[in-house]
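Lettered A, B and C in written order, each chain numbered from 1.
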C-alpha cells in the first residue's frame, strides 16, 4: 500500500505538478516546433513516452547493476582481478552520461525498428521525428532524475527500484504529451486569429506557453496535500 | 559534396562482412582515449567533490552549536573536532540512517548535528539540526536545500525565522501557530507559507523523536570521509 | 575546393548576432529558459557551453578527414558527452554551490542542439582555426542571449543583478519572473522585440 502510494505520488508529480515541459523546461524544441496539429502532437507525444520508458529501463538497469559502487555485475567482474574489498568499491559513475546518451540512442533505434515493422502507416506519418527524439532533453532528463535518486542518496534503502523509475519515465512522457497536445489545440485556434506580425511564429507560442505554465502552477502542493490527507503527517 | 561521392565511388569499397568493426576503429580508439581521460578526471577530482559535499555541512556546524545560544564566546577554532557518522534507526523492518556529526570542543562533547530531510510544500527539504550534548534542547537549525515558492515558502531559509528554533526544548513536539508570538514550544508560521512552516517543524519533530535516546557515542557509527 | 565556405572571421561575426543560436536559430532553448533566473547562473552556463563547444569543435575538426559518414553522429556524441562530463566534474569540484544550483542542466548540454549543429555544419568540414572561431562566436552569441533574458528576469523578479541590489527596497518583486511562466513570457516578448528591430532594420535598408 505504501509502495503504491509512493508510485501514485511520483506519477502525479511527473505528469502534472512538475510537468517536464512547463516546470523543468525540457523538451522545449518539439514543444515549439511540432505542436501545430493535434494529430501530430499525439503521435510525437506517444513516441516520446515509449522511448522514455525504454530509456529509463535501460539506464536504471545499467546504473544499478554496473555503475554504482558495489554494483553486482561490476564487483563480480572486478573480483577476478582485485581483492574483494577493492572490487566492491569500484565506482564507474564517471561514465554515466556517456552510457545514458548511447542507451537513449539505442532506445530510439529500437522503437524506430518496432514502429516500422508493426505500424508502417504510423511510421510514414511521423517517422521523420523519431531520430530527432535522441536530442530531446526530456528523455535524458528523465534518466538523470532516476540517477539522482540512486547515486546520491544517504539511505541505501531509499534508492529507487525499477517500479518507481518506470513510473517516472512513463508518466513524465504522459505529462509531455498532455502539454504538447494542449499547445497544439491552442495553436490550431491561433491560426485563425489576427496575431501581430512581430509575434507570429515562435513568440506567440512562447507567450501562450507561459500562460499554460501559470495554469499548471495551480497543481503545486497537490502531492503534499494528498500526503497529509492520507498519512496524516507532512 | 559531389567530390566526396566520386572519390568514394572511385575507390573499391571494402567488403561489408568484417568491415563493420574495422570501420568503427575510430570510434573504438576515441572511446579508449576518452575513457582514459575520464578516469584521470575521476581520480583527481572525486576526492575534492566529496570533500565539498561534506564541507557544506561542516561549515555550518560551529554556528549551529554555538551561534544561537548567545552565551559566551565560541571556543577556540582549533579545539573543535567534528566526527561524521550515521545513526541507525530501526522501526519494524525498515532501518533508516540519519547522518549525524558529533561535535567535541576542548576535549568534551559539545553537541550533536543531525541531517534530516522530508517533503515540503513543493519539494524536498533538507535540514541541519543542532542539539545540545544531552539532546534535550535545540541549539540551531539550518536549511541545506529547499525548492519552495520564491518569496513565500523560501523564507524558511531566512535566519530570522529559523532563530525561533534555537533554545526550544525537545521533550514535547513543537507546535505551529499562525500569527502568534514566538513562545516556548510554539513556532510562528510564515505569513502565506503555513504548509512550508509546518513541513519544516514536522521534519524537526520527527528527527528528534526517532533519534531520542540514540544520540550517544556508542550508537554512532563513524563513516569514512571519502563516503 | 568549395570556395564559398565562410572564413574564420565571418564565422566568428555571424555567430554573435546574425546567426545567433537562440534568437535566430532557436537552438538550445532548454538552458535558455531554465537557468536564466539569475545572471550568475546564466553566465556560468554560457561559459560551460562555450568550453564544451570549443573543445568539441576543435577535436572534430582535427579528425574530420577520418570520419565515416554513417558513424559521424556517434563520434560527435561521444566527444561531446566526454567534455560535458569533464566540465560537470570540474564545476562540482571548484564551484560546488553553482553546480548544485545548475543541477541537471549541465549534463543536458550533451543534447544541446547548438553543439551538434556546429559540429555538423562547421567543424566536420573546415579547418581547426575556422572551427574554433565559429565556436567562440556562437558562444558569445549564446552568452549575450542568456544575459539579455537573465537581466530582465532577475531585475524584475528579485530586484538584484548578479546578487547586487539594483532596485530600491520599495520595489515589489515580481516573483512570477523567476518562475516558469515568467521565463516563457520574457523570452517570448524578447523574441518579438528582436523581430521588430529586425523588421525596422530591413525597412530602412530597403528605403536607403
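Of note:
Keep this in mind: contacts are C-beta pairs under 8 Å (C-beta built on N, C-alpha and C of every residue); 3 or more make two chains touch, one makes a residue touch a chain.
It should be emphasised that the depicted structure is a prediction, and the values quoted were computed from it without experimental measurement.
Taken as a contact graph, the chains are fully connected, with every chain touching every other chain. Here the chain at the heart of the shown protein, by mean C-alpha position, is A. Between A-B and A-C, more C-beta contact pairs join the chains of A-C. Subunit B and subunit C have centres, each the mean of its CA atoms, that are 31 Å apart.
Centres computed as Cα averages put subunit A at a distance of 23 Å from subunit C. Residue positions 94-95, 98 of subunit A are each in touch with at least two other chains. With touch defined as above, residues shared between interfaces to two or more other chains in subunit C number as follows: 74, 78, 82, 85, 89, 179.
Under the contact definition stated at the top, the residues of subunit B that touch 2 or more other chains are 34, 38, 41-42, 46, 149.
Taken in their complex, subunit A has these residues touching subunit B: 91, 94-95, 98, 154-157, 220-221, 223-224, 227, 233-234. Interface residues of subunit B, counted against subunit A in their complex, comprise 34-35, 38-39, 41-42, 46, 94-97, 99, 115, 117-122, 149, 195, 198-199, 202-203, 206. Within the complex, the subunit B residues that touch subunit C are 23-24, 26-27, 30-31, 34, 37-38, 41-42, 45-46, 48-49, 52-53, 56, 145, 149-152. For subunit A in complex with subunit C, the residues that touch the partner chain are 22-29, 32, 94-98, 101-102, 105, 134-137, 140-141, 144-145, 148, 196-199, 202-207, 209-211, 213-214, 217. Across the complex, subunit C meets subunit B through its residues 63, 66-68, 71, 74-75, 78-79, 82, 85-86, 89-90, 92-94, 96, 100, 157-158, 173, 175, 178-179.
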